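Each in structure tokens, the structures are laid out below.
Okay, so subunit A shows up in both of these, paired with subunit B first and subunit C after.
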Partner chain A sequence: MPNSGKTYLGVPVSRPRAAFFDFSSCEGCQLQILNNEATLLDFLSLVQVVNFREAMTEESDEYDIAFVEGSITRPDEVERLKAIRSRAKVLVALGSCACFGGVNQLKNRFRDLLWVNKTVYGDAAVETDFVRRLADVVAVDLMIYGCPVRKEEVEKVVTNVVIGKEISYPKYPVCMECKAGENICLFDLGEACLGPVTRAGCGAWCPGNRAGCWGCRGPADDANIEQMKRLMRERGIPEETILDRLECFGGFREVSETFRLEMTKGKP
Partner chain B sequence: MKVNCSVNVPRLSRVEGHGAIRIKIKDGRVEHASWEVVETPRFFEAILSGKRWENAPVIAGRICGICSISHTLASIRAVENAFSMTPTEQTRNLRLLLKHMETLQSHVLHLYFLAAPDFLGAGSVFPLIESAPEVVARAARLKLLANDLCDCVGGRRLHPTRTVVGGFTMLPDRKELSLFSKRLVAATADLMQTAELFTTFGIPDFARETEFVSLKGDGAYPFLGGSLISSDGVEKQEHEYAGMTNEFTVSRSTSKWARLSRESYAVGALARLNNNFGCLHPSAGEIASLFRLRPVCHNPYMNNIAQLVECVHVANESARIIDTLLDTRWDEPKQEVTPRAGRGVAAVEAPRGILYHCYEFDETGHIVKADCVIPTGQNHANIQLDLEYLAARYASEGMTDRDISLLAQMLVRSYDPCISCSVH
Partner chain C sequence: MLFRVIAREELKRLFGFLVSAHTVVGPVKAGRDRTGLPLYAFEEVERFEDLSLDYAMTKIPAKRFFLPYREDMAVFEMRKDDWEKKVDYNMGRPRIFFGMHPCDINALNRLDKVLMGETYPMPYYIAKRRNTVIIGIDCTPRPCCFCRSMGADTALHGFDMFLTDIGERYFAEILSDTAFTFLKKISATEPSGEDHVLYKKAAAARNERFVTHVDTTDLMKILDMEFQSDVWKQWGDKCLSCGACSNVCPTCYCYGVEETVDLKLTTARKTKMLYSCNVIDFAEVAGGHNFRPERHIRLKYRYYHKHRGFVEAYEESLCVGCGRCGESCLSGITVPEVIASIRGAL
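Presenting the complex of A and B:
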């Protein structure tokens, strides 16, 4: 809701205190923020960064906006996340790991964590749980999708929080942005692409580079998965490829879990 | 002589990932000095198993955000080696250019944002925006150049979109590429000023003899594939990597550790430089002599300087690669891929040191077994031993706990550890 007063979602509109936290992730989404050479300084004039372990030593427990990257895979992470939630006025899930579990959730398809553990650590098993997204553990106020997030989008979200403008996401699929960009359609090259069902906002990042979309931003509103599968099948794309893409980042979890069960009869 | 000392840094800042330093000295004896890695594993080797070859670079690239280009290229090379594919010269040049810009980006990030604040007495780069704006602007300029060139060649600065098994999905825009030559020349001037800045920093005078492992330069300073070498005289082929790393699990860490001829070894810019000094670009060699950096240097803090030297090397080499590319007619961006059963190993020099990916495929091109050995994982044991030695030495010199703590943190930061990546 747009706000005419001095706060928005309880956040003071003048230079709110921003904190960055990471859980199980590659830290690439945080890096995208430091990767903002051209506009990093503007961004820093907008918020007061009080916590950013990847970049600074000082820490503070007082912050308005918490940007949280990564997914949750261990009990101590649950506790840490809950503590962050209790302090933050606004909690933003930063990137696909935080929003959906990201590539990390591919581990869940095995259903047997002991096997997963043994594969990597042999007999020296370590503590681990099934991968969860932030929203499975705490209330999440805003999501910034993508693997990685697009820095422009992070800036837009922050600006909107600061000036009290409503945050809106594109509801339409990547195909719309792709067609506007006049790219060659991957389907015409005989390749797979999840553009028809994936939420736009990335500017058709992959198809713009002649690579098919892997659905890192999760489903668009009213995504018609069955129709997309049909389209891909008609072009001779193997079922397995469709599944690989749907399950890669966790955004299509419900669909991909069922699809996997159908395809593999339960085998990983 | 100081007899008691206690250092406790539960969450080391300005490094990638989560690690802790704890030191306890009682009655002049090091009771405890440890480098603990508590990062949560993501189980990439398990995640990869059962997946078809084309998933490998997309998934494995996500092991690390800072060195995603290295992981992606290592993953691609492992697949190509397993399928007995040889990339074209054009592809090799483009990959090396991309690799160089990741090195520049990562080293500049480390030198300015992560390491420099220690030497300038700041907790982060942020206060320097006001106190030393020209320094921050220079860092931003260098990073921007590296990132822009990564966008131009790889499609995206992190988690590149165009890099695939067989080559690239599309080639860079020739005109756009040609514009980078000028910017690279400007970057060499910025790097000279960076060197001047670093000459004002007091690099701690500390050394502990160890073994250095890297790729072996075959005429050229090595980055993508080739044979393996150690400063203790071990040499192996790329596919024999497991004999080089000898990974083992330790209870205090979720990352595996590695060793070769001694209790520990080091990888990274200093290891590469120690093992391949003669292959450096002459301008890079000049920077090395400015800091009296010669092989074999055993001061881990000098890894910062080795990174600086490499920045100069890759900036000069990139200009040459661009000239070569612009002088030739371009072929198709990628080759056909024919999967087959077999094992493929790739050794790639990531910014933080040698990185290995190894995949075993069945005849349909599905991964049966995957193994990734991460640079920082190989450095953990060496960091641990350095810390023990540092604690004992500085405590006996009567240094305060605060100073020991700072030097210990700077020591670990010098390795530029990529902790979440080491656990993966």
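Presenting the complex of A and C:
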């Protein structure tokens, strides 16, 4: 890796070559990285960006860190992702689509993909398969959660990669950050919220703006989903609402699949 | 002890005098819940009209003004071959609390025992605590309040002045020369015999409103006996491990520390963040071992700290019975019910 000319505690640090790639996604996570102009130059002094379709025309196949946004829905995407994996020393799944399949994986609920294709695209059918997260196709070294990712978190991860510091994520749920933000609890307002079971790190972005959490960062460690379902039911929140939220980003896939089966049992 | 009576209009004048030169924090309406009831918060107040002195209880306690949820403990400036550590206790400007309930005053008194004690004094807390003037005010107990059981319904110290509403006037108890000096700015008179009667009536009326009680008889011993009880497991099954209870608790002071380096690699920070013993990695140590991976064990230790360990060390509970944790717990885990179940009364 090239040297950045920078030092940390007197020790020279390298400036890794970074590449950004997108698969099936809205590309909003990459946009987040470009959004924060105040720190963009500092970010670029830490890594040398060699591939970033949203930001530059140059391309290169030589990179150390690959930031990959999006989920995998087509055979050609599988090949492209494998090629990226073979070149990258570190592969980072960027955002909910890459980590869990994201909103795209909602179509996996329908077993008949032909029917999905016809219903959505009519006569102009497209090539599309079941949605997979990156880790279902290649080995993923790091995950940066969120829909979209939080720029501050990406910066923190990159800084820690460069200086060789351990990378960790909050293991606790969003409630910790929401309470610290002194927000009014969404349940006090009679609304649904997945904050008590969703991994924090977002700074309670949505609840802080009076919108209940949809679980984009996936489950917190030791998330008590059964109790979460129970307390939502006690508050008269329909099961469909709970399921909608658990299914939305794919982070809760295992529990939401079981939940759907339970709910649809005995129904045609 | 020095008593005075203050007319409502005079209290407003006192506020005006204080706010003209100081930062004043008091209870305000922060919103309404789904049933239309107001939700209160402690915030900086500039107009007397914005104060809700008859507030029920703030959702978030006064703790954050003394123990912020996040606080930099040190900032490190790194140069080429050297670095410098800068410590700021974040004392800020002097602050006046206008309208703090007895439970919250007692909560600070109990925090003082640990954070201003001889063993591990915490300068970040002490700086803010010493820089704060507290004007207490009586409350109307709500159904969830059990401060009486925790010996926290009356504040004996830890405030500068304490106000009790006796109708058209406030009965003021003065505990510091700071408060005495404040009162020179307004008209405050010696209470009459009639005022004493009104005060005692107000206190008696308040006492009648306590409906929730926690039996603390032999509680330390009972907690020791029931350490292995299955009851803890039942509560653990309900616990979301979300940490809401600790975050709204006026006396939970445990924290985690994180060190971060900025993008320029020239500044590093050591940041303290209030934590919760109910959160999964509270007892996780270097190397990854977790001493308390089970929910019910974590919940149990929170109760043991509040109602056993602290009692042993300081002869009173760390819980002041404000009821905030039970109100905030989405699973409805409340202190009175947990203690009753451990006693075998539920």
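Note that in this section the second predicted complex is superposed on the first by the 249 of 268 C-alpha atoms of A that agree within 3 Å, B and C clash if a C-alpha of one lies under 4 Å from a C-alpha of the other, contacts with A are read in each partner's own complex, and residues count from 1 in each chain.
By definition in this document, contacts are C-beta pairs under 8 Å (C-beta built on N, C-alpha and C of every residue); 3 or more make two chains touch, one makes a residue touch a chain.
Values in this document were obtained by computation on a predicted structure and should not be read as measured data.
Partners subunit B and subunit C, once the complexes are superposed on subunit A, both fit on it without clashing. When the shared chain is aligned, subunit C comes close enough to touch A:159, but subunit B does not.
Looking at the superposition, the partner that touches the larger set of subunit A residues, subunit B or subunit C, turns out to be B. In the superposition on chain A, contact of A:35 is made with subunit B only, not with subunit C.
Contacts of A:256 after superposition: neither subunit B nor subunit C is touched. Once the two complexes are overlaid on the shared chain, A:188 sits against subunit C while remaining clear of subunit B.
The angle formed at subunit A by the C-alpha centres of subunit B and subunit C is 110 degrees to the nearest 10.
In the superposition on chain A, A:171 contacts subunit C only, with no contact to subunit B. Once the two complexes are overlaid on the shared chain, A:110 sits against subunit B while remaining clear of subunit C.
The superposed three-chain arrangement places the nearest Cα atoms of subunit B and subunit C 11 Å from each other. Applying the stated touch rule to the two superposed structures, the subunit B and subunit C interfaces on subunit A have no residue in common.
Per the touch definition, subunit A reaches subunit B in the complex via residues 22-32, 34-35, 37-38, 40-41, 44, 49, 52-59, 73-74, 77, 102-104, 106-107, 110, 115-117, 119-122, 124, 126, 128, 147-148, 205-206, 208-211, 214, 240-241, 244, 248, 268.
Within the complex formed with subunit A, the residues of subunit C that make contact are 30-31, 33-34, 39, 41, 59-60, 64, 69-70, 78, 80-81, 83, 237-244, 247-248, 260-265, 273-274, 276, 279-281, 293, 295, 328, 330-332. Residues of subunit B that touch subunit A in their complex: 11, 13-17, 40-43, 45-47, 49-52, 54-55, 58-59, 62-66, 68, 109, 113-114, 117, 123-126, 129, 140-141, 143-144, 147, 155-159, 161-162, 164, 169-170, 249, 251, 254, 420-421. Interface residues of subunit A, counted against subunit C in their complex, comprise 6-10, 13, 39, 42-43, 45-46, 155-156, 158-160, 162-163, 165, 171-173, 175-176, 179-182, 184-185, 187-190, 195-197, 220-224, 227-228, 231.
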